[in-house]
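Some structures are shown below for you to check.
Shared between the two complexes below is chain A, which has chain B as its partner in the first and chain C in the second.
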Partner chain A sequence: MNALFREARFLLGLKSAVAAILCLFLLSAVAVGAGLVEVARQQATIARIAPQQAADVAAIADWASREKDPGNAAYYTFHATWDPPSDLAFAAIGTRDVSPYVLRVRALGLEAQLYEGEIGNPEAALPGRFDFAFVLVYLAPLFVILLFHDLRSGEREAGRLGALEASAGSPRGLWRARIAVRAAGLFLALAVPFLIGAAVAGTALWKTGSVLLIVLAYLAFWITLSVVVARAKRGSLANAMTLAAAWMTLTLIVPAIGHVVINSAIPLRQGMELGQRQRTAVHRAWDIPKSQTMDAFFRTHPEWKDTAPLTEAFHWKWYFAFHQVGDESAADLARAYRAGVLKRAAWSERLGLVTPGVAAQLALHRLAGADPSAQIAYQDRIRAFHGALRGFYYPYLFRDRPFGRDDFARAPVYQAAPDPGGWPGGLLLGLVGMTALVAAVGAWWSRREGL
Partner chain B sequence: MSVMISVARNALRHLLRSRIALTGVVLVALLTLAAAVTSRAYQADQAGLRDRLQHAADQDFAAQPNRHPHRVVHFGHFAIRPASGLAAMDPGVEAFTGNMIFLEGHRQNSANFGDARQSSLLVRFGQLSPALVLQVIAPLLLVFIGAGMVAGERERGTLRQSLLAGVSGGTLLGGKALALGFAGLIISAPAFGLLLWVGVNGGARASAVALSALGYVAYLAFWTLLIVAVSAMVQRSRTALIALVGAWAFSVVLVPRLAPEVAAGLAPLPTRVETDIAVQRDLRAMGDSHNPNDPYFAAFKQKTLKQYGVSRVEDLPVNYRGLLAIEGEKLTSSLFDRYADQAFGAMAAQGRVMDALAVVSPTIAIRRLSMTLAETDLSAYRRFLEQAEAYRYDLVQRLNRLQATAVTAEDDAAKSKSAAAESRSRISADHWRSMPHFAPDRPSAGEVTGRALPSLIVLLLWLAAGALLAARAGRRLNRSAA
Partner chain C sequence: MTSIDGGKAIEIEDLVVRYGERQVLDHLSLCVAAGEVYGLLGGNGAGKSTTLQAILGFIQPSAGRVSVAGLDPASDPAGVRRTIAYIPENVALYEHLTARENVDYFLQLGGLRADRAEMDAAFRAVGLAEEAWSRSVSGFSKGMRQKTAIALALLRRASVLLLDEPTSGLDPGASADFNALVSRLRGEGAAILIVTHDLIGVADIADRIGFLERGRISAEMVAEGPDRFDLRALHDRFSRVRAG
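For the complex of A and B:
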């Protein structure tokens, strides 16, 4: 314990180390602040849309309730869906800045509506967000390298090594205390701003704890690596270079190569083909006998089979039926597209098992519900809601029930739930595994070299 | 000059002897090569796919049977963004923009199926491209092999020897910079090879290739000078390394990330949903086509009747529904344009804020220069969207005019009641086949160069600042020797 206090006092006396830890503290504080501001902005946007949406529906109800034609109501009324940021989104914004978190749909073909993009500045999205995940994954290792690369070599180069080890009684204890104090400094510089952010955002306790675990595991990896490298009796310069090269490889090069490999191994062309196929299928209905469309529709929706047969005249139920049939004809492509997005994400997790930076990044985003699988989950919720919309309008359309002003208020309302986030157990295990691997290799190597 | 070259030769020999430095140079050169090859292959694949899809869309459109023109308005068309030649060098915002727009009447859809939305989170680590290697990784490698170039000699005591032997500080630093710059050229050679290749093979203009190469040379030269200067100004290699890695992390990693946060706060963007609602609201305020007594459309009717010199709609020589469709599309399109201009105006304001940060980070300047020349920046994307919108408007109005002139008012009115009228309201499929194809044109070479120029000037200023710093460091070396 005494050794720890001694080291803490020593560290506080080192201006450069204190400056580095303060700098990391400042960066994570700014990142947490920026994340909270962004989340507040997204929440304000969602809140702002509700009254606008209500006014839009009321304006449609004004004219559509005169004729009471359910077709007009179903055709013209859009229904809002939204994906509120989770209680941890402030720490990892993730895909929320490239995909919409508010989307309106109507009871027409869903496949033409589900993939709508958001108005975003692509040049702002390009470099990525400045959030807590970024500070942890990219910047924190640099600070680890800064504080640990010359742990021994710095003392040796200053000519103090012998005297220091002699004065400490147990040299092993001295280095342990020094590592522990510096690690604690870095951990606190990351954890304190995060905990304040979590308190402001009301983050669930298990998520807060999980993030701290990720921070701890990720720092442990870099500290272990630094200590292993620093144990070799080489100069501080060579240590710093080796570590910075490792950092560049693990956080820049390997993920970039992994991205190229994954995207070319799992090409996703279904998206654009899906759009064209659904459109053509929908519009073909105008050129084939109506009975052909209705037969196809009744095969999947037998409950409407006994409704009044179509005549020569236009009927909305036929119109909505061919939209549904159009969706169904593109269903295989839609499934393949969805599976492809998830498969890409799954492979990136596999890469995370051996790349700590990727593991930390993916684990934080999984917890925050801001990764591609959260995006797909939102699309699934929209799909279910759209199904409910169809279920709501079809009885009016197929049974020719008038659709009055009151009926507008009866339409299903989207029930938003922020992504619950998932426990990134596998990724954490990968982080711990990689740390253990580095430690084992380091121990084996130092025994071989007789250090 | 010969002294400088011999200093450079010695420094290079030293680099070759250092295993770490040599491995680093070879590995990053290989990485650049891999980036050039994969990026080129990916872009060629994308270009093929997009060509095919656009062709398929054109065919689908032309293959429509006889139809009522308004059905064709809703059948719509697809506009697919053609790939740019230099995208292999710098994909820019390509992954963050949609590539396909569904064009139809009454609505303005978004461009969908961008790569970032359908990729794993790895895309946020940066895409492997020659631009990423040259902008981000090459400077860091130069820092590694260059930080100790002068400071290391000082630590070994050979620096003082050289200075006392009469080599001036400026010559010494010049020689070191030449050697480091040579290493920089080796690691970036595959990227320059790619530039040349896309230039020769017609994918890119010679002016863009030349300016892009000039920009990257200036950028890497700036880092070379900065590294040599810092290495000369500090006492120990380790201090130089830490200071330079810090400078690198600040200007290459930190500032580009902070820039959007600053910009987003200063010029917020509306969401698509809000814009959609606002367009509908404004439309209702202008004229409600669902209201038979709407003043705007009543006035339009009076104007039309007067224009044709008749007193009743039934007496018009054209189909009044077609005229209404033309007028309605005109109203909605003017609103689409207005809101799109607002959104792009906000984005341009954000862009100006982000570009201004080039004052503290040369990476911002090279990124802007590179994307602009590769035509993979926001303004190239905006150009595509605007051309797609112009094409959509033209196509829809051609079809609306056909509804006004080629479909009789009686058939149009009776088509949803009677199959015979419906059949008569269909016009010949020849009309679809004679519609123009979507053929977006590229900005002129002069326009691209003009937009690239400011960032090139900023880069050259950075280079001049680097040279000034190196010159000062050289003079300090002279003083320290004396």
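For the complex of A and C:
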């Protein structure tokens, strides 16, 4: 304990080290603050939905209840769905940046509605979000390198190493204390702003603890790597260059190549293509005999087969039927899209088992419910809700039942629930495994080289 | 200064150190008694630094035995280092700390503390000017740094001093101050091993001089009479060692 206090006091006297730790603290605090602001903005957007939805429905009800035509009600009424941010979203915005967290749907064809968000958000995917996950994954390793690359070589270059180790009862104890104090400084620089953010956001304790574990495991990897590299009898500059190359390889190059390889190996059609397939089927319905559309619809929905026959005149049930047939024509694409997104996510996770940055990022996104599987889960909830909407409107449409003002109030209401997040055990194990591997290789190499 | 029982503070017997295929120390034997200054002279690559590292317990000998104050550096390096003060050629201190803070930090490294009065007494004993005690060491000369390091050795009550090229780069006045300080420490019972190239400097202060050649002591000379050493004989011997 004395050694830790001694090294803590010593570290506090090193202006460059203190400045580095303060800088990381500030970056972390800004990232947490920006995350909290973004989450508050999303929550405010979601909070505005209910009153606006009520006003919107009331306006449609005023107009549509005069004719009591269920088609008007089903066609013109939008129903809001939303994906509230989890209590950890402030730390890892993840896919919430690029996929919509509010979607208003109608009982029309769903596929085209699901991917309208693709038009608005792709540019957000390019630079990424400056959030806590970004600071941890991309910036924190640079601070580790800054504080650890010259741990021994700096002393050697200053000519102090011999006297220092000779003065210390146990040189190992000296280095352990120095490593522990610097590691604690970096950990606190990341953890304190995060803990304040977690307190503000009301983050569940298990998630808070898990994030701290991820921070610890990720820092441990980079500190172990830095200590192993810094052990070699080389200059500080050579150590810094080696570690910078490792940072670039492990956080930028390998993930980018992995991303390209995964995307090439698992081709995924854009959501817009799905919408286009559905739209094409829908528009085609205007050009073919109504009976052809209805036959296709009754094949998959025989429960409405006994509805009154269509005449040449327009009828909403035909309109809604061809929308559903349009959806069904794109069903194989939708299933492939869903499976493809999840398959890519699974391979990204495998990449995370050998790439610490990917592991830490995916683990944070998983905990925050901001990963591709959370995005798919929200789409699944929308699909289920949309199914309920069709189930609500179809009896009016196919049985020609009048749709009055009171019926608007009977429409299903979307029940939102924040994604609970998942325990990223495999990814954490991967991080610990990579750290252990680097430590083992470092120990073997040190023994071989007599360092 | 801690006294050494039995007189022999440093004992090296048949020490062999190999780095891979290269044998750096070849059955080296030497001893330094308490209250004695031993000068170890040798050219580059003779094994001087390796000898110091073996005494400090930084390397494991391939064969032979080292004993410092009765302790084996290979099995009890921490115990050995508690008895030793190692002062390198260029005493590098932490530039952002004052002389006082440096001494305090290095003392704490060895698990020791000194109060202000003890520290003042040590600085006074080594002749470090009072105005320098609480000043950052960044502007210190080599002599001032050595005095700081020896003050540290005094506070650590080290019974063994290892001095690596202590007088290189010192002006004659500073060298004389340094020699006086070493003499005083010898008088207090310290065993002092000076590893150096500086034949003239070591002849002024050493009681015995050993010539380290290809990892072993090839000859030893003992100070005798008022002139202590025959400088001409020393020089001839050293020239042969360096040529060899």
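Keep this in mind: the second predicted complex is superposed on the first by the 429 of 451 C-alpha atoms of A that agree within 3 Å, B and C clash if a C-alpha of one lies under 4 Å from a C-alpha of the other, contacts with A are read in each partner's own complex, and residues count from 1 in each chain.
Everything below uses one rule, namely that contacts are C-beta pairs under 8 Å (C-beta built on N, C-alpha and C of every residue); 3 or more make two chains touch, one makes a residue touch a chain.
Predicted model only: the values in this text are computed from it and were never measured.
Visitor: Looking at the overlay, what does A:A220 touch: chain B (first), chain C (second), both, or neither?
Guide: Touch status of A:A220: no partner.
Visitor: Please indicate which partner A:L164 is in contact with in the superposed arrangement: first for chain B, second for chain C, both, or neither.
Guide: A:L164 sits against chain C, while chain B stays out of touch.
Visitor: Taking the superposition on A as described, I'd like to know which of chain B and chain C A:R6 touches: first, second, both or neither.
Guide: Once the two structures are laid over each other on A, A:R6 reaches chain C alone.
Visitor: State whether A:L14 touches chain B only (first), chain C only (second), both chains, or neither.
Guide: Second partner only.
Visitor: Does chain C touch more residues of chain A than chain B does, or is it the other way round?
Guide: B
Visitor: For A:L174 in the superposed arrangement: first (chain B), second (chain C), both or neither?
Guide: Second partner only.
Visitor: Can you list the residues of chain A that meet both chain B and chain C?
Guide: On chain A, the chain B and chain C contacts do not overlap at all.
Visitor: Considering only the defined contacts, which chain A positions touch chain B in the complex?
Guide: Residues 27, 34, 37-38, 41, 45, 48-49, 52-53, 55-56, 59, 63-64, 78, 80, 94-95, 98-100, 102-104, 112, 115-130, 134, 138-139, 142, 146, 150, 235-238, 240-242, 244-245, 248, 251-253, 255-260, 262-264, 268-269, 271-273, 275-276, 279-280, 283, 286-287, 312-314, 337, 340-341, 344-345, 347-348, 351, 357-358, 361-362, 365, 371-372, 375 of chain A touch chain B in their complex.
Visitor: Under the definition above, what is the set of chain B residues touching chain A in their complex?
Guide: Per the stated touch rule, the residues are 20, 24, 31, 34, 38, 42, 49, 53, 56-57, 60, 64-65, 67, 71, 74-76, 78, 80, 92-93, 96-100, 102, 109-128, 132, 136-137, 140, 144, 147-148, 152, 237-238, 241-242, 245, 249, 253-254, 256-261, 263-265, 268-278, 280-281, 284, 288, 290-291, 343, 346-347, 350-351, 354, 371, 377-378, 381, 416-419.
Visitor: Can you list the chain A residues touching chain C in their complex?
Guide: 2, 6, 10, 13-15, 158-160, 162-170, 174, 450
Visitor: For chain C, which residues count as touching chain A in their complex?
Guide: Those in contact with chain A are residues 19, 52, 56, 58, 77-78, 81-82, 84-94, 96-97, 101, 105-106, 108-111, 149, 152, 156, 162, 164.
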